[in-house]
Amino acid sequence: MKQYLKNIVEINDNRKSRVFAYFIQALIFISIISFSYETIPDLDVTTRKVLRAIEVFCVIIFSIEYLLRIYVADHKLKFVFSFYGVIDFLAILPFYLALGIDLRSLRALRFLRLFRILKLMRYNRAIKHFTKAIALAKEEILLFLIVTLILIYFSAVGIYYFENEVQPENFSSIFDSLWWAIITLTTVGYGDVYPVTVGGKVFTFFILMIGLGIVAIPTGIISSALTKSVDKKEDE
Amino acid sequence: MKQYLKNIVEINDNRKSRVFAYFIQALIFISIISFSYETIPDLDVTTRKVLRAIEVFCVIIFSIEYLLRIYVADHKLKFVFSFYGVIDFLAILPFYLALGIDLRSLRALRFLRLFRILKLMRYNRAIKHFTKAIALAKEEILLFLIVTLILIYFSAVGIYYFENEVQPENFSSIFDSLWWAIITLTTVGYGDVYPVTVGGKVFTFFILMIGLGIVAIPTGIISSALTKSVDKKEDE
Amino acid sequence: MKQYLKNIVEINDNRKSRVFAYFIQALIFISIISFSYETIPDLDVTTRKVLRAIEVFCVIIFSIEYLLRIYVADHKLKFVFSFYGVIDFLAILPFYLALGIDLRSLRALRFLRLFRILKLMRYNRAIKHFTKAIALAKEEILLFLIVTLILIYFSAVGIYYFENEVQPENFSSIFDSLWWAIITLTTVGYGDVYPVTVGGKVFTFFILMIGLGIVAIPTGIISSALTKSVDKKEDE
Amino acid sequence: MKQYLKNIVEINDNRKSRVFAYFIQALIFISIISFSYETIPDLDVTTRKVLRAIEVFCVIIFSIEYLLRIYVADHKLKFVFSFYGVIDFLAILPFYLALGIDLRSLRALRFLRLFRILKLMRYNRAIKHFTKAIALAKEEILLFLIVTLILIYFSAVGIYYFENEVQPENFSSIFDSLWWAIITLTTVGYGDVYPVTVGGKVFTFFILMIGLGIVAIPTGIISSALTKSVDKKEDE
């Protein structure tokens, strides 16, 4: 009996287990969409009831799946404290906690289940290459992250001195200026805050010229390192 | 006769066929521009008539070309269901459907003809390299696309909890927040929605720090893989 | 005499010629800045006079330099029609044309002289590497440019159908929508036009997911190809 | 005695020195945060006093540390004029200068101490690789920086002629247009200035098509060169 269930729940090489896995995946998607849908304001009572029913159904299935996975696991404790074990637990926990009180925030934890999608697909190799690429370029990435943070802080201090007097509401303190620095150096540029003084604009020019390169370098390093590991895979 | 037409329509190594190909290309451009021009509001009657005449002319030529291509094809059915066969059919279909009723939306399908431009130029090698590059890095790209989608959803859930109370009109539900997440993580940053709370801004900072790298990695992988195949071409 | 002047004007390996070159460069900068300064509105009469004097002085020196370069050139016609010969001519031409009439637009041609800066520095090797990199990846770059253009047009057509009814002023025609498509796919995102309908937002999401990769790839290819040529230089 | 202090202050291989280093680091962070906090407007008197106390405390410790470092240095002058020696001096200088007068701007120099963080972590290898990567691609990077500057100036001149008449307040001179050119070519796109004429929009399209590639290339070159040096490290 246990071996039969194990074949369905844990191992993915037979038809039944694949149906089970796809069913759980579909349920994760339904659960995510229903959770998102619930946040729409002014839903009518019927919709709320349907969404509530979907939620109860999903959580019951997820709970059964969780207990099954513990049941079939060779090392029960090891599964409970594994990455997917913790995720599965966190995904159902809020529902039971919220039976008495309303804990909508905690229910957001359900999105963690999305990571299960990664499990189904056999990305072990891709993830291994990614881990290797990170390991290869670890020092360089850390160096650039630190330099990026220093640069963001430096930009915030600089723009504060240029713009604070003219726009005291937008650049009221260095913390406010940090927001500008982040949005500018990542080139998002919402346009909610921007320099208006000549000094601030010239400063922005130099910060962008130096900063864009530095901020973009870690991504470039990871990409190149990844392609390298992909390449090595081919050689083997 | 059939062989003579085939030489003109299908094979591109003689002067007549090249004239024919350039003529069809020019017509595609004219058709596209006339279609775009038609969308300008408040055109006077004369302009409308000229545009209508151009459209009728283009569709007639395209229809003749389509029939010719079927006629000269060795395997007629194979051509009809080939990539370019379907495109050519979709490009003329809306006109005939719209003889009775007005189907302006369908006429937009004409833009599909733009892909014919790719055919004329001999990019077979470049496309082959691109396909190979994609194949090489397929798993990595898929992995990052999934991680990107999870990250976008996570960002939307997070910002919803930070901003919903303060800006209920901009972050009214998770679906609305998804719009913010996409526009921010792609660094487009229209500035129609942006966080105003301290929590939302700090959250945006971390999301950008983690997210920009992840979103940009697939492009980096394709670029590197492409250069690699270009390089191999050189070695051969 | 001619050889003496040639040593100063054309060859850069002695002290006099270097002084001459730096002098011309400084004059180019002064000329550029004075030209830019002139565009500031509401300048007082004295400033205008000073700027006019600087301009006359610069053009006279540039004219003398141009004549000198013709004089010392071994093949006079070859110099006149060379890249730098044409640039030097275009830089002084507007002044003489504008003696009678006001041709401020033409005077902008003076900025072409900025390219002379490239000449002084010995970037021949770097430019050679760049040309080689472009040649290596020519087909791929062209392919992606065409795909980019098709994608921009497709985005414009799509957003036009989604947004035209709701925002007839911002998406009044496909030409207007093209503006949105360019600003969005390059991630500039001014925020002057953006989709407000759900359909338009979902469409934007898919366009960005597909488009960002495609738009960024040519740059990635050039960068990689360039590093490759730099690398080869090292090996030799 | 001197050797005992040297072991703590300069060498990082024993427990005491590590505690000392972490203590200084923590103090740098506290000092930075307190400095930033001070810029928040309308702080009450108590907060101001606490921040002042923290500042005095930090500067006293930093001064002692600075004197200690001079004391234990084998070549005192060499340390004073070394990179970290100058930084340490600049970080405490404003406090003593400001005893009489208020020099808030100068106090910003304290952020320079952030660079000390780089010292603790042993990034010597990563920095060496970075320096090597820069050296490898020096000419290419310089070439692209110059081309970028010329392109920014050219964009500014172009947009000035297209937009000046219609938007004299936003594109009042070439200097104002330069601001637009920088914000557009870096894809920040605040949305404070953007072209509204058809000519200006078409010009922006071409500038973006050419410009984005050029502006992004230096980053790509550095990334690739860096990955290459990381790779070589692995081979050794």
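All chains are identified by letter, namely A, B, C and D, in their written order; residue positions are counted from 1 within each chain.
Operating definition for what follows: a contact is a pair of C-beta atoms (placed from the backbone, for glycine too) under 8 Å apart; a residue touches a chain by one contact, two chains touch by 3 or more.
For each chain, UniProt lists the protein as follows: A, B, C, D = Voltage-gated potassium channel.
Values in this document were obtained by computation on a predicted structure and should not be read as measured data.
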Those chains that touch subunit D and also touch subunit C are A, B
For the homomeric pair subunit A and subunit D, should the interface be classed as same or different, according to whether the shared residue numbers exceed half of all numbers used? different
Chain whose Cα centroid lies at the greatest distance from that of subunit C: A
Which listed pair, B-D, A-C or A-D, duplicates the contacts of C-D in over half of its pairs: A-D
Please compute the C-alpha centroid of subunit B, do the same for subunit D, then give the distance between them in whole Å. 41
What is the distance, in whole Å, between the centres of subunit B and subunit C, each centre taken as the mean of its C-alpha atoms? 29
What residues in subunit A touch two or more of the other chains? 175, 187-191, 216, 219-220, 223-224
In the complex, subunit A residues that touch subunit C: 187-191
Going by the contact rule set out above, which residues of subunit A touch subunit D in the complex? 136-137, 139-140, 142-143, 146-147, 150, 153-154, 156-157, 160-161, 164, 168, 172-175, 184, 187-191, 194, 198, 201, 204-205, 208-209, 212-213, 216-217, 219-221, 223-225, 228
Within their complex, subunit C touches subunit D through residues 32, 35-37, 39-41, 105, 108, 111, 114-115, 117-118, 121, 123, 125-127, 129-130, 145, 175, 178-179, 182-183, 186-192, 215-216, 218-220, 222-224, 226-227, 230-231, 234
